[in-house]
Each structure stands twice: as C-alpha cells, then as structure tokens.
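Residue numbering begins at 1 within each chain, and the chains themselves are lettered A, B, C and D in the order written.
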C-alpha cells in the first residue's frame, strides 16, 4: 500500500503547557510519540506545515494546506487540525481535490495531558484512511463524516451530522 | 448504523497490577474508560465473556466466544483478546461465521500502564469495523489482517502478513 | 500527632484544561486524588479557600488566608498556592504567625497533565510539615526555604535562596 | 548541605512490563526520570546496587547494601527497596550504622504504571533525609517510622507502627 502522509497544523492536539509563563503554546508535534505508543507498523510520513490554533488560521494558511495536499504523491492523507475550524478547511480542500482520501482529525484535550483523546483519534484516522473511498472526511469521536455533512457542536464539544 | 458489539475476553489489554501480592491479574474490563477517554459517540454495547490470559484459553472458552458472536444480532463485532492466541480464535470463528464483520484486537501493554497501545488499537478496531466487508480480521499496529494471512512475530511483538 | 491541615488556593497545581473553549480554568482541587495516589496514611484535612491564579490574588484574599491559618486549631498547615506570588503570601503570614509550621507549595505543571511535579511537591511538603520547627516555609524542587530567604527565578522556573 | 545518595535495589518501584513475554521485569532504575519530573534541585547521586525483587534478596545482597552505606562519604542516604523485606534490611543496617540518616522507601505500584505512589514517596524520603536525626527509617504512605517500630501490614499493603 502507498504510504500515508500526515500533515500537522497544530490545534489542541499539539498544545503544551509552558511552565515558565503558565500558558498554552506549541513546540513541536507529538505525532512521532503517538505512533510509537500505538506500535504503528504503517508506512507513515509526517510533515509539520504550521503549529497554530485553528481560530487563528488565515486564508493563506488554508491555501498552503490545499497546495501541499495536491502536491503530495500519495493518495492517503491525514491532517491534524484544531477542531474549531476543521470543517472550514475540509470544505476548501474538497473544492480542489477529489481523487485522494483526505481525513482531518484532532483532539479535544492536548496529547500531553493525562486524559487526551488524541491517540484514539489517530488510531481511528489511520484506519479510515486505508479503506474509505476518495473524498474529504472528518474523523472524531470514533466516527467519520463527509466534509459537507458535519458540524461541530460547540456546546457539547463533539461532531455530529447536519442531516441525521 | 447498527450498534457495535464489543466482547471482552481479557488478555494483556485488561491486566492490572495487584499491589498486595505484586502480580498481574484481572479485575474488570477497562473498555468503558477507554470509550470515555476517546469521547466515542458510537453506539457500542460491551459484554465481558471472560477475563483470562489467552495462553490459558481452552477449546470450551473458544466455542463460547463463537456462539456469542453467532447469537449477537448486530453484524459488527469487536473482540478484545490476548495477542498470543488471537489468530487461533480468529480461525475458529471464521469456520462458522461469514456474514459478519468480526475484528479481534488487543494490546501489548496493559491499559492501566502509562505507555499502553490499547487506546490506539481500540480507535483503530472501531473504525475498521464500520467499513470493512464481512469477514474475520485482526487489527493491531494500525493495520488490519485477514484471519488466514497473519501471524504474531513473537520476537518483535507485532503482527505481520504470512504472504507479504 | 495532630492532624495536618491543607488549604487549597488554586495556582498551576489545580488548573485544568477546558475542552469546550480550550482554555485553562479551575474546577476543584485535585488534593484528594493525590493523597489517594500517594496512599497517604496521614491524618489530613483539606479545605478549599479559593481557586485562583496567584497573579490575581488580592490583599483581601491574602488576609483571608492569614485569618484561616490563625484560626485553625492544628499547628501543622500546608497551603497550595500559585508560584508567582507564593513568597509574598508567605511574608504576610510570617508577620502574624510564629507558633505554627506553615508550608506553602505548588506546582510548575498542573496535576492533570502527564508531567506534573505536584505529587512530588505534596509528598515533600507533607514530610517537612511533620518535623520542621515553627516558622513559615516554601517547599519546591525537593527543598525547603525560610520565607525571608527565597525568591522565584522566573527565567528558570525554580526557587532559590537569596543568600546562598 | 552534603549531597544525598540514593541506592537503588529494585522492588516494585522499578518494575516494568515486558511486552514480549507479558511478565514483570527489571531494566534500569526510574529514579532519574522521577527527579526530573519533580524538578528536583537537590544535590543527589544515584547508584544502582542491584535490581531485584526484595523477596529474592539474600544475606549476601543485604551485606553488600550495608557495606555500601558504610563506605559512602555523605551522611544522607536513601535506599529504594521492595516493600516485602524492607524492614529486615533496615534492621540489619541499624546493627552497624548509627551516625547516618538512612531512609528506606519504595512503591506499591511500579513507577511506569499510571497510578504509582513512587513520586510521592520519593518526594517524602528526600525531604525527611534532610532533617531527621541520624538513624535508620522507613518512609511510606507519607509517614516516617523508626526501623524497630514498624511492620508491613500485608493485607492492607501499608506500613504501620508496632506500638501505636
């Protein structure tokens, strides 16, 4: 099977606690640690495109993500992304790309905190990307959603279908 | 979508450390904790069939697992199982059942230990069970294997295809 | 031995990650969890006085802490406190109280994060409070400091003696 | 202050899970990790004397520990040790040494497991060793005990005074 590409963009997934100023910040992606923890035997290549809060993601940032997805040789791509604007980025990608399997995922709790959902979501995204048909998807909460039939329920903190 | 059934049978996945005698033992499945940690929104039903080391699993135990899979109304079933004899159980199930998606998974490190792969494997199994075709599979290390084309590499502690 | 009183006031020690808005906040003290984790057999009473960032602690808050220390019947008191103004509060207490053993401690990383120093600091404070002479102290980094011979090195994130 | 010496001897404290054979074993002490986690600023030297289950500790092993304590230049010594025969070793040390502060400590749950008491006990031992008078002690459960007035309650898994 072709290799799986993971593009890291930041989001809660990769946030850390800065013990000097007591604030959350980004250092580097935790994806390598998670793949090791999961004893992954998949052929995965990781590339960090940016390390930002998705509420601060600009159009320029999104265009860059789209270009990188287009340019990548494999057809299996995962993007780790902040959950707040994950759907927005997914829609933009879907306008341009239709022949690849592109999955956006993230976490509600940072990897570095005891109770993170990141490892679960990564296991899920890596599985879906192997067998879903080409398209743009979001995988969170153990589920997969078509990019145009999902929204984040900001009160509950989970994702749900628009047309149930 | 139909509910997903998870049968817990024990294995490293659910082992705990007994602080009184310093030995590993089984108490109860950690599956509920993991689903909560993963913020799963899937319709999952959990049932513990046994809590044993898979090296101690007898033919009677395996027949019981097969019967329970047969009897369950849903067609999507996950079995958490010790890795040492996971393939043996998978083969026995495949002899009888062909119309359901049955996935066996487990862990190399107990859930309760800091560095467990259990959450990753569960996220993976719950994803594969939603979209694979009927059959009997093992999902470990981020991969899925047909029951008749996999063996555990006991030196390395991971699973690999027989015919690569 | 007389009981040990722990007053919780918040600080990094008790900060949590709010998965809805992605910010750090306070819910309730984690002291009960830590005592259980440490299998403490000490006679400890916990009382939450406030749950705030110590940079936001006002004179009114500090006066309240002093009053509560004064009023408490035992002579062994620990205060969990944000590290940024820990020394300031210690000095205020020392102006009024001289017959009790009062120890301020905290954490550089919240308890709920994987890599917290909170459990270590609590084990340390609970030990020092049993045998130090009456006075006001800060215990961090495995050390104890007299309230008037310590400052926080904000660049390094640790505490050190003023007169080494 | 003189440096603090820590002698590691094994015990539950340093046990790990072997993912190949599913058994508990010893690799190397976790003391360095714990000191880093606790952001210790103490002058500590660590030396591994053996890595064994204290039920398997022989008279030769115990004599070696006593000799090493005798020979060490500092007067502040901590010994990490399995809890089952911790009192026995403490008594042997006390027969020979009376001018040093020697503290034995350990853990009920291995450091590498999520719910270990090891970090708490280490914080406690490092604090007591700084201010107790010369003698041989056991520190567990947040408490310190004279070597000749303590026994392990094997049913409860904690330590208690013989003459309460």
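Rule of thumb we're sticking to: contacts are C-beta pairs under 8 Å (C-beta built on N, C-alpha and C of every residue); 3 or more make two chains touch, one makes a residue touch a chain.
Computed from a predicted model, the values in this text were never measured in an experiment.
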{"item": "Steps in the shortest chain-to-chain touch route ending at chain C and beginning at chain B", "value": "2"}
{"item": "Chain of greatest Cα-centre distance to chain C", "value": "B"}
{"item": "CA centroid of chain A to CA centroid of chain B, Å", "value": "26"}
{"item": "Centre-of-Cα separation between chain D and chain B, whole angstrom", "value": "39"}
{"item": "Where chain A touches two or more other chains, by residue", "value": "108, 115, 157"}
{"item": "Graph class of chain-chain contacts, one of line, ring, star, complete, other", "value": "ring"}
{"item": "Those chain pairs that satisfy the touch definition", "value": "A-B, A-C, B-D, C-D"}
{"item": "Of all residues in chain A, those that touch chain B in their complex", "value": "34-35, 37-42, 108, 115-117, 119-128, 130-132, 139-144, 157-160"}
{"item": "Residue numbers on chain B that touch chain D, as the complex places them", "value": "12, 15, 17, 19-20, 22-24, 53, 84, 108-110, 112-115, 154-155, 157"}
